[in-house]
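This is the structure, below, for whatever I ask next.
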Amino acid sequence: MKRTIDTIQVGDTATFQKTLTESDVYLFAGISGDQNPAHINQVEAEKGIFGGRIVHGMLTASLISTVLGMYLPGPGTIYLGQDLKFKKPVHFGDTIEAKVEVTERMAEKNRLILKTTCTNQNGEVVIEGQAIVMPPK
Amino acid sequence: MKRTIDTIQVGDTATFQKTLTESDVYLFAGISGDQNPAHINQVEAEKGIFGGRIVHGMLTASLISTVLGMYLPGPGTIYLGQDLKFKKPVHFGDTIEAKVEVTERMAEKNRLILKTTCTNQNGEVVIEGQAIVMPPK
Amino acid sequence: MKRTIDTIQVGDTATFQKTLTESDVYLFAGISGDQNPAHINQVEAEKGIFGGRIVHGMLTASLISTVLGMYLPGPGTIYLGQDLKFKKPVHFGDTIEAKVEVTERMAEKNRLILKTTCTNQNGEVVIEGQAIVMPPK
Amino acid sequence: MKRTIDTIQVGDTATFQKTLTESDVYLFAGISGDQNPAHINQVEAEKGIFGGRIVHGMLTASLISTVLGMYLPGPGTIYLGQDLKFKKPVHFGDTIEAKVEVTERMAEKNRLILKTTCTNQNGEVVIEGQAIVMPPK
């Protein structure tokens, strides 16, 4: 599945979708150590502005890494940087599509810049940003 | 433990440390879906430039979220953005310290900008970047 | 965050809260090996006196360890003993507060006795007991 | 497998053994929220008196719950209380045997008291204590 920079054009896209569940959030809280009540305390979270527990922003953002590392450019990619803007909360059970789109191709340096977007099942953008990667050689 | 912006000054810092293990990486691969061979295929990873399986960059970066959501500003924080530069690979068993330091304080908008750094047990910076958050009110 | 005995008084308290979920119970069943149908068999559990699957008592009790090891006395604490009385069942989705309160301080032996209580979202005590610990030096 | 009190005598015993691993400890840290550096930070733990990361005491103690809920008295048991004395640290990779032995039988109240002991692969007692349970009817 891996793609070298010769096979990649500006405008190429790839996606990955997942329904993010309570189980995902709880595991993520465990491995990251982020036991913020916004994610694991329903009583406190109901009092907050989101009305209940929400998914960690970095968990949703991780789906971007999945697209980059598995599909475009795919296995062998080296992740150099990622900018993230968290635009809306993700609730338990939301189905998120992470999409990457090549916006800049630097063949001599073997680098790509990609627009990275996470969208929920209602078409709302929940994360915006961009990635910079080295495709496999 | 939560801290409103009135109690926070430029220069304030907080940290969280964890030894990142194979178990963490495999769980993260499961919940993110990022089954890139760099993380879960020892045979392929040994052929690559890092000489073995490495930790997902977004997993290491998640420790930053832990510091923001649990310590500074702590519970009730809303995460608005994060920029990440992945500087060096993190190997299984590395002990990572995530550190945040307040660099800008916008009291009227209730926003903080923080320098975010992840460092390994040898003092090498593995991730650099900055976060923007809204502290709890 | 750690606190030596010099900084701790009788009457000091600390808490940790978490909504305990099916995901927590199933992971705990896996790592402990406690596959008692009361926890993982909805058909059998519905026939029992609690009307459904309940959280392992030792999982709820583990939140006490979290307060002791992370907040009071915090990192470096050595856990010497724990007495537990399981007073009421904890159902999936209950939000539990674990609270510790210092009831006895033995400075020369560097030991503390703490009253340990787990309470659900309705204010009902689900676990009572006491801990004995050595604070960090 | 379940046993009512009529079928149980003082002196009856049951055991469960498991090798407790880094993976178990990391999952337990996640679900309990107990991210004490003694368990998840190799660099800090090496400086402490145990020379490295150790297993959460409550995780080792959970093996007692396994014996009670699965073997003696087995499914349907209601756990009423547990006293624990943590005698020695448990290191990653230690193989622990949890053993319960009936020491008192109160047929009219349908209660049992059991001596509960956790021993490592070298025969050292790591946890001592006693449990009180209601066997299934």
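Letters A, B, C and D mark the chains as written, and numbering starts fresh at 1 in each.
In the analysis below, a residue touches a chain if its C-beta (ideal position, glycine included) is under 8 Å from a C-beta of that chain, and two chains touch if they have at least 3 such contacts.
Keep in mind that what you see is a predicted model, and the values were worked out from it rather than measured.
> Quick check: how many Å separate the C-alpha centres of chain B and chain D?
Between these chains, centre-to-centre, one finds 35 Å.
> Roughly how far is chain B from chain C, centre to centre by C-alpha average, rounded to an integer in Å?
Here the centre of chain C sits 28 Å away from the centre of chain B.
> For chain A versus chain D, what separation do you get between their C-alpha means, in angstrom?
Chain centroid spacing, chain A to chain D, equals 40 Å.
> Going through chain C residue by residue, note those that touch at least 2 other chains and give them in order.
Expected reply: 16, 18, 24, 27.
> When you draw the chains as points and link the ones that touch, which shape shows up: line, ring, star, complete, or other?
other
> Chain pairs that touch, all of them, please.
Listed by label, chains in contact pair as A-B, A-C, A-D, B-D, C-D.
> Name, in rising order, each residue of chain A that touches chain C in their complex.
Of all residues in chain A, those touching chain C are 22-23, 26-27, 35, 37, 40-44, 53.
> Would you mind writing out the residues of chain C in touch with chain D in their complex?
The contact residues of chain C facing chain D are 16, 18, 24, 27-28, 30-39, 44, 48-49, 56-59, 61-66, 69-70, 75-86.
> Could you pull out which chain D residues touch chain A in their complex?
26-27, 29-31, 33, 35, 40
> List the residues on chain B that touch chain D in their complex, please.
These residues of chain B touch chain D: 16-19, 21-24, 27, 93, 95, 121.
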